[in-house]
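In the two complexes below, chain A is the common chain; its partner is chain B in one and chain C in the other.
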Partner chain A sequence: MAMFILRRVGVMILTALCLTFIVFFLTNLYPNLEKLAKTQGDFRMSDEEVASYLGRNGYLQPMAVKYGQWLGVVPGFVIEDRDGVTRGQCIEAGTAPEDAPRFCGILQGDWGYSTVFREDVGKILNDKLALTGKLMFWVMVLMVPSALILGILAGMREGSRTDRTLSTIAITTTATPEYVSGVLFIAVFASTAVGLKWFKGTATAAMDGANFENFFLPVLTIALYGMGYIARMTRASMAEVMTAQYIRTARLKGVSFPNVVMKHALRNALIAPFTVIMLQFPWLLNGVVIVETLFNYKGFGWTLVQAAGNNDIELLLGVSVISVVVVLVTQLISDIGYVYLNPRISVR
Partner chain B sequence: MDALSWSDIILRMLEQFTPVWIALIVTFVLSFSFKRHLGLYGKLFDSPIGMVGYAMVMFWVFTGVFGGGFDMIVTHDVLAQSAPMKNKGPGTAFTQLMGTPDPNAYPYYLLGGDNLGRDVFSRMVVGAWEVIKIAPFASLFAFMVGITLGLPAGYYGGKLDTFLSFLANLILAFPVILLFYLLVTPEIVLTGIPVYMAAVLFLFPIVFLVLLWNSRYHTQPSRRNVYVGITLVIGLWLYLGIAWDADPLGLVSFPPNLLVVFVAVVFVNSPTVFRIVRGLTMDIKTRDYVAAAQTRGERPWYIMLWEILPNARGPLLVDFCLRIGYTTILLGTLGFFGLGLSPESPDWGSTINDGRKLLTMYLHPALPPAFALLSLVLGLNLLADGLREESLRD
Partner chain C sequence: MAKLDYDGPILEIENLSISFFTRLREIPAVMDFSVTVQPGEAVGLVGESGCGKSTVALGVMRDLGVNGRIVGGTVRFKGRDLGDMSAAELRDIRGNEIAMIYQEPMASLNPAMRIGKQLIEVPMIHEGISEAEALARALEVVRDVKLPDPERIMRSYPHQLSGGQQQRIVIAMALMSKPSLLILDEPTTALDVTVEAAVVELVKDLGKKYGTSMLFISHNLGLVLETCDRICVMYSGEAVETGSIRDVFDKMQHPYTQALFRSIPLPGADKNTRPLKAIPGNFPLPHERPDGCNFGPRCDYFRAGLCDKFDIPMVGIKGDDRHFTRCLRIDEIDWHAPMEAMAQHEATVPGKVVLKMENLKKYYEVAANALFGGSSGKKVVKANETLSFEARESETLAIVGESGCGKSTFAKVLMGLETATEGQILLDNRNIEQVPIEKRDTQTVADVQMVFQNPFDTLNPSMTVGRQIIRALEVFGIGDTDQARRDEMLRLLDLVKLPREFAERMPRQLSGGQKQRVGIARAFAGGARIVVADEPVSALDVSVQAAVTDLLMEIQRKQKTTLLFISHDLSIVRYLSDRVMVMYLGHVVELGTTEQVFAPPYHPYTEALLSAVPIADTRITKKHIVLEGDVPSAMNPPPGCPFQTRCRWKAQVPGGLCEREVPPVRELVPGHQVKCHLSQEMFDRMEPVITVAAE
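Here is the complex of A and B:
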């Protein structure tokens, strides 16, 4: 088991390195750098001015060197500027060049500086992750129990009327992307023109004080899309378990139907949904981006859109590191959990 | 003229869709009468869920083809703006501020006007065409890529499998929206990366077909040469035109911004297909008929393409339906974030994005495309469900 985890962690680090390099490569292509220079300076910069701006800020070094600097395995660049000031990646404003550390990258805990928000990337990510964590927590609280109940009720008696109805509901939720359900919910529950006016159409206020009125719609929107999928998996696995020999034996022994479901079937039926729930995280991340944009909730997903739209290289890299790590860690947990829950699977 | 009442609006919309109803009825009558001769497609008509799904999908397919392709259902030009019609509700009589209105113009905006005074109904209809043009082909290409790589990965295993699976997981670990934001921007188009990606991805259908013919007719060289030759000539001609925009005859070309969208969608979908095909191959290669083929000395590609692939068709067909739906969702996502397609484009994602900004005041511009997208994807899901049920039955 230890060997298995170790190997998976190794692959994980390799994947993370490859992915960040791809993001790094794409954001550091010259047209993107030119756009960055123009948004930072002004839009009427000539080509020479763009080149000189990029040179002064260390953007024109070879790609591998820049990536090494960002990682923290290559010493940060130091450039003697035209006005005699020494500028460098690791030299903060107000400190002498001699006192600055040689390396400053991810490995040293320095995430870089966001050009859009004019703040340290580490701090931005910290704040935004807390906000998105709050959102995700409530999504999970709403999504997982309702999906499991839906799936178990449907799979309990396969082919019955309840099963048909619940399965159709599950299919409908998986067929409704967040930008559709979000728009429908706002139209029905939050529109000022017509509608019920139960909830708020934006969640900006929920960043400071979340309450039912301003936070329920975004949570519901994300939860609904993931719910259908988990419910269908639970239903399939429940239906399979219900046809097993030991369930029939229990029924023939005279155990009541609720007892069979609760005591005999449930635990075996929940192995498959567990993996699915873990693997839902990457998809939830997508939902988070859409919903945070739609409801103007300034969390992690909203930051991703801002960073990508403005080619904020270091913020975008930070965002991708976090999302890649989240995806890979959940995959690892789902693999390990699967092995623990299902003793028939062995790992070498 | 007064605004129409809701019952009038519905009647008039039903009337506008007349060609679609006729086409749907013809399709269903024909399919019903020959359902015992049509294999799996015919069996679909035994399952109520499958039929409902199929009807919903075909409704939008016909709407797209007749509306976008032949200009039949639309009531107004999708790009024409009319200042007095801005944000007007459904059923408002059509007026123009400047110039005399065309006397032949349709007298109403059936579903109202959007924030620029364009007809919501027509945009919804043409939006179907935008999806029908891209989604099935993008899914098909993703399947070609996934199958061509997934079969050998599952069949041979070993280092090849490890390497390809690593690549697939690498792409899957990317949040889709981040990938879109990185790939589908005007700056990236300038660097030419989408063209290179298209050059690689669009090679796979040709490779797939050549392998298919070559492995089947290896023993009949004359027949094989004809098939492979035709595939290569037509394939490479289309390939040059679509991927490189360098068609020697000047007939085939592809709008660059559409190419980026297409490539991005194929790129995101193919790793999932790869994983499904790989899993199915690993399962099927242990069967007796594969062992029999190996014993009689068949070549690996023959076994993969003519023994394993046909036996994996059930799950693949089901996934194909689901994948078209997912591609539709992805296209909507692209439109929603204003990536790729032009801002004026009538595709559903862009229209929803335009409409949502005024959503608390005016509902009518955002809701029709939202319901349209919902019903198409729901139809595809129900169709997949029906297919799954019917293919499991035998």
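Here is the complex of A and C:
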């Protein structure tokens, strides 16, 4: 088991390295750097000024060296500036160059500095992840139980009226993308267009104090889309299990129908949807981008949009690392959980 | 819930009719079916697949699904009509008063629930006893079904047990609440013969111990003879004959029963001098049943104007105990007339040696854990150990053994799907053991062909039958033009006795026997000289088996094919093979002519196998040998003789030799070899397992 987890962590690190290098490479292409220089300095900078700005900030070193510096395996750059001030990656404003550490990459816990928010990337990620975590938590709380209940109710009597009704609902919700359902919800429940001003159309206030009124719509928008999908999976798996011979065995043992479903079918039926639910986590990051922008909820997705729009290299890299970790950790949990649910698979 | 006290018949089924309703039509599955089960009695329900015997069982349980409905008649259990019961009342009866044992033990146990939990559920539901009490009861019952180490078994999941152990658990589960009626639906079909024998004995003993009545559903007449007091033969949804075992087996009064007995290979049948008589025609589909007698179109005694006029009632036979038959001509038919002689054949003389195996070995290396493995080392499965034999032209060599004995591995190596680890295979003195199938030349591939066990899966469902045979011809490079290949394909259909129109049919339009004929035609498309038939008839119904076996024999006679007939069914092996090779755990334990192998002296394993095979003949007496335990795993074979863990003769070999050394191959008489440490003297003292009483 330890071996298995170790191997998965190894894979995780390798994936993170590859992905961040790709992001690093793309964001460090010269046109992107030029744009960065102009947004940071002055839009009317001449080409020479751009080059000198980039040089001063260490952007013109070879790609591998820069990547190494970001990682923290190559010493941070130190540049004697024209005005005699020593500038360096690791030299904080106000400290003497001699006191600064030689390395300052993510290995040292330094995630860099965001050029958009003018703040440490580490702190931004921390804050934003907390906000998105709050959103995701409530999405899961709403989505997973309702999806499972929907799927199980539909799957336990395949072909019945309940099944057909619930299946229609599930297909409808999963066929409606967030940018459609989000807009619809705002129009119906939060605007004067229909007049039902039950909820707030923006979730900005929810960042500090979330309540039902300002937080329900974004949560619902994400949850509905995922719910249909999980419900369909659960239904298929449940319907299959209900035709299995051991269910007949249980029925002919005299077990009542609710107990057949709860004790005999449920665990077997959850094996397949469990993986799907775990796969939803990384995919939720995706939906979060749209919904957070739509509802102006300044979380992780919103940050990603800002960072990408402004070529904020170190923030983008930080976001990528977090995404890789989230994807692979959920997969690890899903594999371990799978073993727990399915006794036929054992891990040594 | 307290059990009812009732001293009448346990189960009375009267004129039961069950139909399934589809969008198109009503499909009657069971019609006018009556049977009575007395307390402590075991009633066998026999018939071919699709005759409605399982539907009767589910009808008794009132578990027919959404489409099935009882459309007539009554099912009374201890005098109470099951049809009038509410869902709650039914639940009280299911598992408590009527329990069921199923065909596939693996599928009927919940894979995600521990055995113990599945067992204790029964009394906890029905008797409301505490978990501790139920656990104690479960332990006792698990001991009753003779499983070793009950505590460990109770903690296991179903997949951790072998097939035989799983079936014992299913039986234990059925007995947990001491039911009055046990319904066994083909309880041993998925098991090996020696395991089957042990399970059958267990069921018989427990039935006596608990005084349970049984409804035993099977397609195997021999098994019913061994287990039941009474029998009910079904054909196409109707009971055609019921009565005591003796009456029905010895004084049958229905043409179908007679035809059925004539189509199964009983001792005495022989492919050359006394061939089997297959039942002509096919089983009618439920919505295409003929008017009048359902068996009419296939019956030798059919008389137009009488048998096809109206529904035929069951009539009693005078002088017999509750013996009924559904035939109008019982008094006109001479039931004792000997079977009209079938065409007899000259025994073929085996020709030159075409295939020779020398010390063939096949080992597999498996990772201990396929999904997460790698670190915990590799294990070696010794699937075949020093296989040596030769096969001659137009000879039938049967390879016999239980699952896991390595007979399929051997077939794979011969076909080139695997390559041998050691030793050699000589085909016409050419080595082919290291040549995988994709590297074999067309002629070799065409020469060595295979007929598969399951005709349902081996045909491409989206290609016509003719196209599939033509495809084989193309692969073998036969025929220069499409027309030539088409003609050849039609000739092959003639060869396997299928109408030429079948060329345009899809596999799904064919019955099992017809599909197997297509499989045979495909195998012989390239003029195969060696055909490996891997259990070619075991998936088919009894009445079809005889026809397919006959066809194989006929083609063999014409084409001088060498047939390697892999089977676990010793009756059919005795009927058609010239020589027999018995395998156990990868070893050839006995090899000789059919007469030599089926008569003493035996290898101890052969002896047990012979004793385990149920024979549907009341004149036969068998010595009773039940093997304990399961076949050991090939991954971890016992030291010394592979069979020593289950051998009843082991004590006769001095000095624990069996546990230390693999016995050498000994030739008892020319052509008869065994792998055993027993002395010649002990061999001479062996008695025949099967004896036929004088007529």
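Going forward, the second predicted complex is superposed on the first by the 344 of 348 C-alpha atoms of A that agree within 3 Å, B and C clash if a C-alpha of one lies under 4 Å from a C-alpha of the other, contacts with A are read in each partner's own complex, and residues count from 1 in each chain.
Note that a residue touches a chain if its C-beta (ideal position, glycine included) is under 8 Å from a C-beta of that chain, and two chains touch if they have at least 3 such contacts.
Note that the structure is a prediction, hence the values are computed from the model and not measured.
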Contacts of A:179 with chain B and chain C, given as first, second, both or neither: first
Per-residue contact with chain A, leading partner among chain C and chain B: B
Which superposed partner A:267 touches (first chain B, second chain C, both, neither): second
Which superposed partner A:23 touches (first chain B, second chain C, both, neither): first
Chain B versus chain C as contact partner of A:73, first or second or both or neither: neither
First (chain B), second (chain C), both or neither touched by A:191: first
Residues of chain A that touch chain C when the two form their complex: 3-4, 159, 244-246, 248-256, 263-264, 267-268, 271, 341-348
Of all residues in chain B, those that touch chain A in their complex: 49, 166, 169-170, 172-178, 181-183, 185, 187-188, 190-191, 193, 325, 329, 332-333, 336-337, 349, 352-353, 355-356, 359-363, 366-367, 370, 373-374, 377-378, 380-382, 385
Contacting residues of chain A [partner chain B, same complex]: 11, 14-15, 18-19, 23, 26-27, 29-32, 34-35, 167-168, 171-172, 174-177, 179-180, 183-184, 186-187, 190-195, 201, 282, 285-286, 289-290, 293-294, 301, 304-305, 308-309, 311, 316, 319-320, 323-324, 327-328
Touch list for chain C against partner chain A, complex: 61, 63, 66, 91-96, 99-100, 102, 104, 107-113, 121-122, 125-126, 157, 159, 170, 173, 368-369, 371-373, 375-376
